[in-house]
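In C-alpha cells below, several structures.
What follows is chain A paired twice: with chain B in the first complex and chain C in the second.
This part shows the complex of A and B:
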C-alpha cells in the first residue's frame, strides 16, 4: 500500500500497477490531506463563510462537497473564500485587504505542518489580531498504525511517503515496521526511484524481511529535518483527529500547545464543535484499501471529477480521481 | 499535496531567499534549512524549503515534477 497521493498518481501514470500485477497488488491508502478531511470539517468551514468570516485555503479543498455545497460554490455566491499557495501569503493579503475576521483552513500532513507553524509564529510576531487557524493538520504514522491494527487488514508492506519522511525521517516508520513485522520502503517520485522502491519491496516480501529501507536516500535523512521537527515540537502536541472514512485516530492530530491561543479558531468559534455530519460516499473503504474505486457503485456514474460525491474524486491526488483518469489504460 | 520542487538559491536574506528555476525567480522561506546559502539546491514545498538536496537529485526530482505537475496542475 502507498500512503501518498503523489505516489498514487505516479504509479498509475507510469503503468507500474500493471507491471507489478503478477508480483504484488498495489493499493492506495489515505495519502492526500484533502481526501481525509471529514465532511463535518467542510461543513464547519461553510458555516464560517455564512457568518461572514473570510476563509483562506489550499486549492483542492475548495471543491470538496459538504452537506450543503462546496466552498467554491459559496465563493461564487459572494462569500469571501481565498485560495493560497504559500501560507505566508495570508499575512500580506490581510495587510493589503483587511477583514474583520479570517480563518485559515490548515490542512496537510507532516510535510505541510512546519509551514503552518511558520505562519503561526509570524502571526504571533505581528500585531494581527483577527486571523485564526482552523487546524486540520494530521500525522501519517498513527493512521498507518490504525490501518495495520485492523484485524481484516490485508496489507503486507508499506511504501512510505517521501516528502513526509523528508520532515520526520526514518525513525517513526522503523517503530511501526518493528511493531507489525512488515517491510516499509521510503520512496521517491521519479519512475526510476519508484521502480527501485518497488523492487526492494518485492525482495523484502519474498525473503520475509521486515524493517525500513530508504529508497529516497538522496533527500530523506535518517533523522528528517531537525529544524522543522524542533519547531513542530515547540508549537504542537499530539491530539486525536477525525479522518474521513477512518473515524477518530488517537494522536494523529497536531494540537496547539497553548490551549488558549488567540489564533485557535475553535477557541473563537466554539459552536463549530457542535457541527457534525456524515456522507454517503464509501471513501473510507477505499482509503483502507478494502474497496477498489471501480467497485464503488457511484464510480464514474453518479460520481466523477465533474460532479464528485466524495473527496477521493475531488482531489487530483485522490484514488478515485486517479482511477477515473487512467481507467482506459487500466482496462486495455 | 506534498509535491515539492527543487530550486537553486540565488540570494539569502534572513529567513527569506530568492530562488530560481529556468530563469523564473521565486521568493521562498528558508527557516528550516540550516545555514542556507547562495548556490544551494533546496526542495521547495508551498513556498518553504524543506530540505537541501544535491544537484543530481535536484535534476531527477525536476524530471519527475515536470511529468506529474503537468497533470496535477501545480
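This part shows the complex of A and C:
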C-alpha cells in the first residue's frame, strides 16, 4: 500500500501500477488530507459560512460535498470563502481586507502542520483577534497502525510517504515496521525514485525482510527535520481525531496545547461540537484499501470529478480521482 | 487628464477625453473614431471575438493589452486567415490608474502594429468601484483566409500532430505570480501570424492554440469534433524546466496549463518533416507529438509514456487547484 495521495497520483500518472501489476498489487491508502476529512467537519465549516464567518481553505476542500452542498456552492451564493495555498497568506489577506471573524480550516498531515504552526505564531505575535483555527491536522503513523492492526488487513508492505518522512524522519516508521514485521520503503516522487522504491519493496517482499528502507535518502534524514519537530511539539499535543472511514483514531490529531486558546475555533463556536453527520459514501472502504476505486458501485457513473459523491473523487490526491483521471477506458 | 479613471468618464466631455486619450496612443492603427460605426473596406471572411480578464494585469512576457490582441488574432490565424481589422471594447473599474491604463494601451498598440492591424471601431464604459477587477477588454478580429479556411472536419486518421513550441509557459507564469514565486521564465504570449506561411505552403488540416485548459483541452476538443482517437507521446512534449518545477510544487499537470503562443498543427503525415523544418526557420521550437488514430464512437486522447503505458488524457473538469502537501 502507498499511504500518500501524491504517490497514488504519481504511480498512476507514470503507469507504474500497470508495469508492476504482475509483481505486486499496489493499493492506495488514507494519505490524502481532503479525503480523510469527515462529513461532520465539512458540515461544520458550512455552518460557519452560514453564520457569516469568513472561511479560509485549501482549494480541494471547497469541492467536498457536505450534507447540504459544498463550500464552493456557498461561495457562489455570496458566502466569504477564500482559497489559499500557503497559510501565511491569510495574515496578509486579513490585513488587506479585514473580516469580522475568520476561520482557517487547517487540514493536513505532518507536512502541513509546520505551516499551520507558523500561522499560529504569526497570529499570536500580531494583534489579530478575529482569526481562528479549526484544527483538523492529523498524524500519519497512528493511522497506519490502525490499518495494520485490522485482522482483515491484507497489506504486505508499505510505501511510506516521502514528504511526511521529511518532517518526522525514519524512526516512527521503524517502530511500526518492527511491530508488524512488514517491509516499509520510504519513497520519493519522481519516476526514477518511485521505480527505485518499488524495486526495493519487491526485493524485500520476495526475500521476506522487514524493516525500513529509505529510498528517498536525498531528502529524508533519519531524524527528520529537527526544527519542524521542535515547533510542532511546542505548539501541539496528541489528541484523538476523526478520520473518514477509519473512525476515531487515538492520538492521531494535533491538539492545540492551550485548549482554551483564543484562536481555537471550537472555543469560539462551541455549538460546532453538536453538528455530527454520517459519512454517506463508501470512501471509507477505499481509504482502508478494502475496495478498489473501480470496484465501488458509484465509480465513474454516479460519482465522477464533475459530480463527486465523496472526497476521494474530489481531491487531486484522492485515489478515486486518480483512478478516474488515469483510466484506460473512457466508458467506465 | 487626472491620474485615475472616474465614473464621469462615462459621458460628456470626460468621455471624449478618454476616447481621445486612447486614439492618441493608437494613432497609427485606428481607422476612424469620428463615426458611430466603422466601415469594412477590405474583403474579410473570418471573424472571432473574445473577452479578456487576467489577474495580475501585468505579467512577465505581456499584459492584458497584448493578450487582448494576440488572443483574438490567434483565433483568426488558427482558421488560416490573415488578421485585417479589430474592434476594441474596454470596460474599466472606477479608480483605475491612468498610468497603468496608458501602459496597457501602449502594449496593445505595439501588438497591433506588429500584426499590421487596424482598429475598426471601439467603445469604453466605466463601472462602479468593486464591480470588476481593474478592467476587462473585448476584442473582435476580422480576417481574410489565405487559402481555404482550415477546419477540424478535415482531420482524418493518420494525420500528424505538431506542437509549435513548449507547453505551459503562460499558465505557469500566472500561477507562480499569484502564489508569490519568483520565476525566471516568461509567458509565451505572442501573435501566431507567422504560421500563415505554413498554411500557404503545406497540407494543413487544422490548427488550434492551446489556451485555456492547455494542450489536453484542445486535443480533446479536436478528437471529439473529428470523431477520432488521438495518441500523443509524453516524451515528445517540450516542458521547460521552470514550468516542470512550478507544476511539481503546485501539483499541477503542465498539459493543463494555458499557452498563449503555442499551437497544435494537424497536417498530413507526409508533410510532417517539411512543416517541422519550416517552423524551425520561422523561429519556433516544434515537436512532433503524435498522431490521429482510427475513428471512434467515444473519441479519446491517449497519452503514451516512456514505459509504453497508455492512459486516457481527459479534459479538465474543474479549475486547476494547487495540492495541499
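Keep this in mind: the second predicted complex is superposed on the first by the 328 of 332 C-alpha atoms of A that agree within 3 Å, B and C clash if a C-alpha of one lies under 4 Å from a C-alpha of the other, contacts with A are read in each partner's own complex, and residues count from 1 in each chain.
Note that a residue touches a chain if its C-beta (ideal position, glycine included) is under 8 Å from a C-beta of that chain, and two chains touch if they have at least 3 such contacts.
Because the structure is a prediction, the values reported are computed rather than measured.
Judged by the touch definition given at the top, the superposed model places A:212 against neither chain B nor chain C. Looking at the shared chain after the overlay, A:163 reaches both chain B and chain C.
In the superposition on chain A, A:227 makes contact with chain B only, while chain C stays out of contact range.
Using the contact criterion defined above for the overlaid structures, shared-chain residue A:81 touches neither chain B nor chain C, since it reaches no partner. In the overlay built on the shared chain, the residue A:112 is in contact with chain B and with chain C. In the superposition on chain A, A:33 contacts both chain B and chain C.
In the superposed model, A:305 lies in contact with chain C only, and not with chain B. In the superposition on chain A, A:326 makes contact with chain C only, while chain B stays out of contact range. By the touch criterion defined above, A:147 reaches neither chain B nor chain C.
Counting contacts by the rule stated earlier, residues 6, 9, 13, 33-34, 58, 60, 85-86, 89, 107-109, 111-112, 163, 189, 191, 316-317, 325 of chain A appear in both its interface with chain B and its interface with chain C. Listing the residues of chain B that touch chain A in their complex gives 1-4, 29, 31-34, 43, 45-48, 50-51, 53-54, 56-57, 60-61, 63-65, 67-68, 71-73.
Contacts from chain A toward chain B in the complex involve residues 4-6, 9-10, 13, 32-34, 58, 60, 85-89, 107-109, 111-112, 114-115, 118, 161, 163-164, 166-167, 188-193, 218-219, 221, 225-228, 231, 315-317, 325. If you check the complex, the residues on chain C that touch chain A are 179-180, 248, 250-251, 253, 298, 300, 305-307, 309-312, 314, 317-318, 321-325. Considering their complex, residues 6, 9, 12-16, 18-19, 33-34, 58-60, 62-63, 83, 85-86, 89, 107-109, 111-112, 163, 189, 191, 304-306, 316-317, 324-331 of chain A touch chain C.
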